[in-house]
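In order of appearance the chains are A, B, C and D, and numbering begins at 1 in each one.
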Amino acid sequence: MSASSYTYLGPEGTFTEAALRTLPEAATRELVPMVSVQAALDAVRAGKAAAALVPIENSVEGGVTATLDELATGEPLMVYREVVLRIAFALLVRPGTKLSDVKTVTGHPVAQPQVRKWLAAHLPEAQWESAASNADGARLVQEGRYDAAFAGEFAAATYGLEPLVTDIHDARNAETRFVLAGRPARPSARTGNDRTSLVVWLRDDHPGALMELLQEFSARGVNLTWIESRPTGEGMGRYCFSIDCEGHITDRRVGETLMGLKRICPKVRFLGSYPRAGTEGGRQGAQPRPGTSDSDYAAAADWLARCLDGRA
Amino acid sequence: MSASSYTYLGPEGTFTEAALRTLPEAATRELVPMVSVQAALDAVRAGKAAAALVPIENSVEGGVTATLDELATGEPLMVYREVVLRIAFALLVRPGTKLSDVKTVTGHPVAQPQVRKWLAAHLPEAQWESAASNADGARLVQEGRYDAAFAGEFAAATYGLEPLVTDIHDARNAETRFVLAGRPARPSARTGNDRTSLVVWLRDDHPGALMELLQEFSARGVNLTWIESRPTGEGMGRYCFSIDCEGHITDRRVGETLMGLKRICPKVRFLGSYPRAGTEGGRQGAQPRPGTSDSDYAAAADWLARCLDGRA
Amino acid sequence: MSASSYTYLGPEGTFTEAALRTLPEAATRELVPMVSVQAALDAVRAGKAAAALVPIENSVEGGVTATLDELATGEPLMVYREVVLRIAFALLVRPGTKLSDVKTVTGHPVAQPQVRKWLAAHLPEAQWESAASNADGARLVQEGRYDAAFAGEFAAATYGLEPLVTDIHDARNAETRFVLAGRPARPSARTGNDRTSLVVWLRDDHPGALMELLQEFSARGVNLTWIESRPTGEGMGRYCFSIDCEGHITDRRVGETLMGLKRICPKVRFLGSYPRAGTEGGRQGAQPRPGTSDSDYAAAADWLARCLDGRA
Amino acid sequence: MSASSYTYLGPEGTFTEAALRTLPEAATRELVPMVSVQAALDAVRAGKAAAALVPIENSVEGGVTATLDELATGEPLMVYREVVLRIAFALLVRPGTKLSDVKTVTGHPVAQPQVRKWLAAHLPEAQWESAASNADGARLVQEGRYDAAFAGEFAAATYGLEPLVTDIHDARNAETRFVLAGRPARPSARTGNDRTSLVVWLRDDHPGALMELLQEFSARGVNLTWIESRPTGEGMGRYCFSIDCEGHITDRRVGETLMGLKRICPKVRFLGSYPRAGTEGGRQGAQPRPGTSDSDYAAAADWLARCLDGRA
């Protein structure tokens, strides 16, 4: 592993690797699979890698708590890029295997609920056993331990298997979002279709504190795209919030919102502004509310300056 | 009248003159009574006077609409000072008159509701007739047209009368607030106990527009001290709002609130920031909400700058 | 005056009388002019009249404070009907007078700002003197004291005058709203296009109290059509609010709002629900927000009942 | 398993069993361990058991997504009781084992982060391998596969082991909350210190929808104790919210809040009202905000009825 390499949640052949390979900047780097989200991120923290790609959210399973907690605590990291990958499984088999030959299947535990209906319809008799990862499942098929594995179609070549059936998924629109995290530096450049991520701790859990926090966003017309509560570890009922919102820290409405949060919350961790990926189920970011564009901010600041000079 | 004079709502001997004389800067100026609020303000607009003192609010009668409307429309003016005067009447008579001699009384129409109970208790038989002003009433007593006039005790000397009874008032805490208005210039210096006045027009009367407007204040912890709706003259149901809030335009929470209003409202008129006068019935301005002081703002701006540099 | 008569703000020939005559129920009643808003309302309170019509709001001058204060304090009254009258003046003269003959004009002081521009354009030399009411002005023209009076065209016949010019108004859409107030009884029947009036006192002037009050409306999708602050008479900075909102007390969103206000405010005075009059400058009441109709309320109450029974 | 039995997330000897045994009503029932949260709840749905105890939230790990998702979807269930259990581990060994003998340790994967610091300090050389559950780990120690297992002290007897060290935990105040879920029926009786659980879906993800949802609570003074977003499975960016609040459905402020949510949200699932357990890190439920008690509600309803009769 070199200081310029990218780590990712391994092993090879997982959806995370597939997501990483969609990034142009990954083409010229060494890509290093790691055994856990924490290991992938710690390599970045230690300066052994330039960045790490880890899953943060799945449209079926929800937030990836290991990633959320690693980003919220410990040595700070920042997000520079996101990748949204549609999740569809292939049934990988050794060359020559027919569907009627499949008596045992494997895959990562989180794959199981996403293929359950397909299994019930097409392989009702097959026995399922979990593997440590989808890629590991493929390896176990290669070794002859199981007849078939659910994994990404791209994993077939790595393990000398064939995709017998492709595009298997119980839920339409199943997607996983991944983030590329690096050591703190200047945020990614504004593109006009950006997302900003942060973690916010509430003051003393006073009643209405969450409303106050959300009011900082709504008062400035900044839309939340995700909010997830996480325990702070200080006992039941103590939470922090992982929040994603539309816009870039250099958008003035976003900057003012961040400053507002900073003033009322005991702790705010800025996790980065970066280009939004994917279509999020076909939906685009909402139009900014009237009065919240940068030019509205500039005009209002000019007006205030004129008021201070008696020239309004 | 010289360009350095102060006009005021006359005639001589009114409460407005008494209020004006409490201002140290009035001591060295020519003070010119005018026949109406409009006349007093127009003299300033025309450059014939430096400033005008006019009543804006009475704790019994409410807002003085002539003043509110003049400040909201026409050539802009700004408020640099306010005076709060406790309103208590004296019963002024010609020297030698006894209470039992008083058969007819006069005074300004707005004085009547403020002395009604006193009249019923002490002069139940006396006939009331209105005068154009309290001072005019005093003049009419001087001329022998009435036996007594309700006016400020300070008016006695001007008209050769004696205060037979003093400190007459039906409502405890009756006060009138006056403002000193001049042509637009730099606001008065911040004192730490200031008031800011403005007029705000709502966008298209859309439902909830008033809530949105107030949210600009509450989101930044700025307390309103007064809000008064005034018709815009464009038909029933069209209003603008005269608003006073705590704080000075150079307080960052106030400046940010003003900019927020400017962004969401089609029109905002800044009427000035100036030292608060009086105790407002014994109440002080509330403590700023945590997280809204200038140092909180500065700390948050520093933090944002560090986020932009990747050093948060 | 009989107990079934209607009083109104007199004298005869005023806009108030004209407004009253638009009410079908006035056709069969004795209509009694009174010298003041208070006198008109006190006759009702004393049982000497069934109801009183008084002006409450003018689109140029704003709220009629005498009416607002009388309805807010003293023996309670309730509003059962409103009338919105377009205000346009006629220039009334003795028969035979030509425009070039008019050297002196009169009218109520509030008429003056509404005809100022017309006067400047058509009678720039004419002298204005105020009369106690528009009708009084007409009487003084009849008596030969002035050459012309601004009044409603309908006042001409009463005073043997002729309308020389009609439809005079500086502001387009000038309207006055009048309310018919009676002793407390069941509110007027719901029509589906109603208004509800109330007076609300705030708790201890605590910061944000006005926001809380307005939140009771906005949380239930009830639109305010008017809010006017009035001093409580307890000193500067102490206000109550006269509020009009869309809807009828029997609309469940309105009833729930009223109960919400009752719970958080030290004092609420319900002034009635009654059919909306006029078009308010062409604007209709907004559509109720989704989820706030009576059927939405009924469905939610049914659902709650099922939850309580374990059948949701 | 009988229809009156209680299922729980097994196997025997887990913290879930320990939590279940704290409930008096469990003493007389057959307690049946199940292999998964889903299996435990499905047994209840199928009428094979009366209720199931499952973990819902851990103060270190956060929400238990299997439980949240099972309660949010599928055949409805309701919560009747909660148990909060302090989580501290014992190091279980075969009788006679000394700390210096321990070379290999096991336990459930979620136990590992909770004992990591203790391990580093006391058994820095020991090898960790995960077991399917803490109880399974104990069984594997009994079988001689590992030298020691982290589990609840209460599991020692079941597996013929001894607690070598007790009260092991890295985070102070580590607690897990469990809920007892049954088929829908009348909610548990109100105790005055209750919690209400629900799942709420937002309308069309429109901007500000979450604020509107929270306003239904805040407008009625109902405090949230927990909010957790969960994907709906319809694609990235589509969430529902699992929410806990203070109070009982029969508290009128809670009932009105529920009805408000029902009106504005496309779907609300009421999961029950039940007595709050534990002290939640020493914090008590906040005092209800003034104006939100049942007697305030009753007084306001009485007042509204009087308004409707003209007797307010």
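One rule holds for everything that comes next: contacts are C-beta pairs under 8 Å (C-beta built on N, C-alpha and C of every residue); 3 or more make two chains touch, one makes a residue touch a chain.
Owing to the predicted nature of the structure, the values given are computational and were not obtained by experimental measurement.
Peer 1: When you check each chain against chain B and chain C, which touch both of them?
Peer 2: none
Peer 1: Could you say what rotation angle superposes chain B on its sequence twin chain D, using C-alpha positions and rounding to the nearest 5°?
Peer 2: 180
Peer 1: Determine the centre-to-centre distance between chain A and chain C, using the mean Cα coordinates as centres, and give it in whole Å.
Peer 2: Chain A and chain C have C-alpha centres separated by 59 Å.
Peer 1: Quick check: how many Å separate the C-alpha centres of chain A and chain B?
Peer 2: Computed value for the inter-centroid distance: 57 Å.
Peer 1: Using the average of all C-alpha atoms in each chain as its centre, how far is it in Å between chain A and chain D?
Peer 2: That pair's centroid distance is 26 Å.
Peer 1: Would you pick out the residues of chain C that each touch at least 2 other chains?
Peer 2: Answer for chain C, listing residues that touch two or more other chains: 215.
Peer 1: Check the chains against each other and report every pair that touches.
Peer 2: The set of touching chain pairs is A-B, A-D, B-C, C-D.
Peer 1: Touching residues of chain A toward chain D in the complex: what are they?
Peer 2: The contact residues of chain A facing chain D are 57-63, 65, 84, 171-175, 177, 205, 207-208, 210-211, 214-215, 218, 223-231, 233-239, 278, 280-283, 286, 289.
Peer 1: Taking the complex as given, what residues does chain C use to touch chain D?
Peer 2: So the residues of chain C in touch with chain D come to 76, 78, 184-187, 203, 215-216, 219-220, 249-250, 255-256, 258-260, 262-264, 268-270, 290-292, 296-297, 299-301, 303-304, 307-312.
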